[in-house]
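The data blocks that follow each hold one structure.
In what comes next, chain A is part of two complexes: it sits with chain B in the first one and with chain C in the second one.
And then the complex of A and B:
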């Protein structure tokens, strides 16, 4: 166990950069493997719709020039990478002249805010319940009740969302049906606005928590049972330590390690949003952006969101690489 | 040696029974074990794998986990019965009176805690929170006692060798100066050189502190050098207890004889003696003597009546029909017959 060395950080960071570069290159290459080009296809669609488009050749040629498709592939590639570095993904096709950056910039905070809270709650709740399921000191009644609570795990999140909407928004009218905040409100940092955001976010967050906490609970239970069989558990009991201390410091502390890795990866994929949940609640997050981009064949938006997703996943892996040696002393910062 | 034979024993085990529940009935892993442990004494508990020695240790420590359960018996530690004590009362006794040097040296330490923290938590659990200033020198002294350098204090278990980990476990066991230490195959996972060094460390520490020790193992050679008395276990029962000299000079029970004859020798190749017969189903022991199926001297009475523990000579107790009391009260010595059937 050593402290975080500059060498280790640089090694991990270069792996991070290489990952991003490879992924970005793939996103660039794959569409270009397909025959034809998007401009011809677009003008072709216009011709089919309108019957005849005057000077279509000139239009095609002009747009090809405008989008830089006449340059050689290496030039296009370098320009593409340059744009990525500046986070410039071009214009949305469906909402021209809005840029992809603007669309993503508007949606991303909502999704990250909603899902970060939901996924974090899920992680802690799931692991806590999983630990209780495996722990010997847990009251029998709790052990029987937890699996009952986990029936939602076997339900798709859309059904859970509809179920929650029906009970709490439609029938009981405790929560609003749609939106991220009260219509007509201007986003600000006022208490009123924040309350509205929490009020609107509760059901979407709850549907994510309900559907996925069982996954963490089962994983944690398995890990706890493995740890329970370890020799150091015997010794911990023989030492006459406080059972709660043993649970926390000996069992959970060791059982949680693989869960933390899985959590980091979950956080990375979080920016793609819960497409269906966001759609059902008409929540203005990334899930909705991706959903409508796919429907409108809005390629720049798809490309931009894919890249953000890759970036976040790689970032999450980088962060976990950097903090993992702190939570598991067996992983060393030193080069082995 | 500080063993005091004439004082009351510090640990009295009476009729200890630990069974494991299986779908086809209980496995009688420990089935009525009796022995005494005196102050400063080292008692060796030997027997083949699966004979119940570790289970007996867990029974004494009250650490039997499901599917196992303590069915019956008494474990009197300085007069107090550990069986039936509440978990809370038991916790107060643990480590202060009764410490464990565990079996698997490799996995007996928590991988996510520093060595010092794992010794510290035992101290704090029983003495309450205290300043690091007081505890650190104490832990360093413990480490020195078991021959570990001070730098081990800040290391994690994975940074130690097997022998070092086992020494940490010894240091941990003596941290609160317990009355009784149970060493459960503490040296079995180590190579002979390290085994010897660790065993010597254990004896040195034991003599310095005057604790009593139960040493569980299957290595008769190592036992001969380390313990004062040996108890031989077979199929959940102790079949013979004797001072180590008598046990090796004149083992009385046929199983003890076979066990001692089977100690491998460098000078000659000899066949393993204990191969005849099979062990009975531990769920369903035969009536009479438990060793009857493998005993070379099995008699009719052995199949009917279980033998009782008898003292054949000073300090040597054996449960075998070969040593009945004769009419005049003296014992018929059939040991010679037993050795040359």
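And then the complex of A and C:
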């Protein structure tokens, strides 16, 4: 088993920092390449939405001053990075005295909670089904049914969410249409509240599970087929080991490792998919915050929420990368 | 991305180690009996092709001006159905209309190719950059390889949608092509990684060594020896990339950040959600673009699965 060396840790950590820096820089630079400045564009959109905005040039000038857009670009850039490092995203424009940090702090636990539940279910279910698909001992019927279920894999979570919402919440009325818990309830640790949260969270979680389990199943199937061809499989069978023991100890444990790497790579897509699902279900997580911020043209909130999500994803990838060699003894922390 | 999960090196090993064809299948010297004509690939291509044909030829048979606001009556259901105001659908609008007087059929005909275009443009740009970077990294190696690997490792973990949301929220006007190019800016790392690892494997293989020994130029080794062998991987990666790009585009459009001047499928879903189509039971408004997109994605997945079988003979045997 490899030990976590300082060199490996530093290398991974610097990749993490570069990722964050690059994302932050792209967010900052690309809009500035476009003609016009963001504040004018924002007020322009407000005018388009509301028909007329009083004193729009004074607003523009005020905001330019507030955001320091009259300074030179390098000064602005350094100040922007400084604010990000201090996690200072400023105030929400739509709910003025509230800071972006407060808004994010309220929404983040819901997103993280839902994401963790959905992703855990997906990962285990997908890998289990994928293993069954490639295993010799699986009944024929199961082998035909799994691919049918996998058709959902290709559909974006947002489309699945719309269908689920219509069928189970609108048509059958089994689940609530919106929100993360019953309106008017105060969050507490009572049974009633927890049931309400589960009741509200089922459909959003299901939309994420439904569209992504097949991805894991496919990858797992591919790896299992590769493992199936190895010599040690013949040996295990020749020894007369219990087929279930062979399935678990010899096949799944070897096949699942690349899946963990794939997990780190797809995390960004997962987070994005989840954000869109939250918006469809009006679930009070980051997705909903982003959507209402888009409606209100609340730019600091859009930037803050997106940056936190980018940071979260990069952090998760860093953690996966750091623990990966612990679960796969063949990978060492040293550079090959 | 969806199915390029097995590591490419492993796949190369797989194809090399593929079990010999069983005697029963030996007599397949028929030219139609190629792996490129497998069922998944054909079905997928048929679905995607049908959607494209509707988009291309639909405008010859249907007036696409009806995709403009206020060109038709409001909220009409398809013929045979009744909306909440008791109005019956007419054949003048076979798929109904939405709440600002746009004909759904015209919207679908104009919108479907637009959504598709974004995918093709982004995937082409991503692929081209990927081929160039992947080949340079795999062939030249050294510092350049380290650098290319670093930036693709870094870019691949950035949640694209989040970055694009911020950028598009700030841009005053978003054209279809702007969106496609912005998405393309994040579409190159996975082909780059794929091609790099394939090139590294193939560079050591016998036929490339042979070509090198017989004095073939590096350029011709790249394009005459290695590239043809990469075709199934490139095709699968292209489709995977296009799928990812369409996915990103649909996400942005459904959030209301898509192009404002042309109708798109995701944009139609955005208007349907903002117009409370679900609660007003105007199923034709949200379900048609959703279904069409779902079909498009299923078609793309089938193509990708089919290409995977072309690239990995062991999968082909397992699926029989």
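Heads up, the rule we're going with is that the second predicted complex is superposed on the first by the 262 of 336 C-alpha atoms of A that agree within 3 Å, B and C clash if a C-alpha of one lies under 4 Å from a C-alpha of the other, contacts with A are read in each partner's own complex, and residues count from 1 in each chain.
In the analysis below, a residue touches a chain if its C-beta (ideal position, glycine included) is under 8 Å from a C-beta of that chain, and two chains touch if they have at least 3 such contacts.
Note that the coordinates shown come from a computational prediction; the quantities given were computed from them, not determined experimentally.
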| item | value |
| --- | --- |
| Which superposed partner A:253 touches (first chain B, second chain C, both, neither) | first |
| Chain B versus chain C as contact partner of A:245, first or second or both or neither | first |
| Partner chain(s) touched by A:23 [first = chain B, second = chain C, both, neither] | second |
| Dominant toucher of chain A (residue count), chain B or chain C | C |
| Touching partner for A:231 - first (chain B), second (chain C), both, neither | first |
| Which superposed partner A:122 touches (first chain B, second chain C, both, neither) | neither |
| Chain B versus chain C as contact partner of A:284, first or second or both or neither | neither |
| Residues of chain B touching chain A in the complex | 61, 63, 87, 90-96, 98-100, 102-104, 106-114, 121-122, 125-126, 156, 158-159, 169, 172 |
| Interfacial residue positions of chain C with respect to chain A in the complex | 1-3, 5-7, 10, 13-14, 17, 19, 150, 153-163, 165-167, 169-172, 182, 243-244, 247-248, 250-251, 254-257, 269, 273, 278-279, 281, 283, 286-287, 290, 293-294, 297-298, 300-301, 305, 308, 312, 314-315, 318 |
| Residues of chain A touching chain B in the complex | 1, 230-232, 234-243, 245, 249-250, 253-254, 257, 327-330 |
| Complex contact set, residues of chain A against chain C | 15, 18-19, 22-23, 26-27, 30-31, 34-36, 38, 40-42, 44-45, 134, 151, 153-156, 158-159, 162-163, 165-166, 170, 177, 215, 218-219, 221-223, 225-226, 229, 258-259, 262, 264-269, 271-272, 275-276, 279-280, 290-291, 294-295, 299, 302-303, 306-307, 309-310, 313-314, 317 |
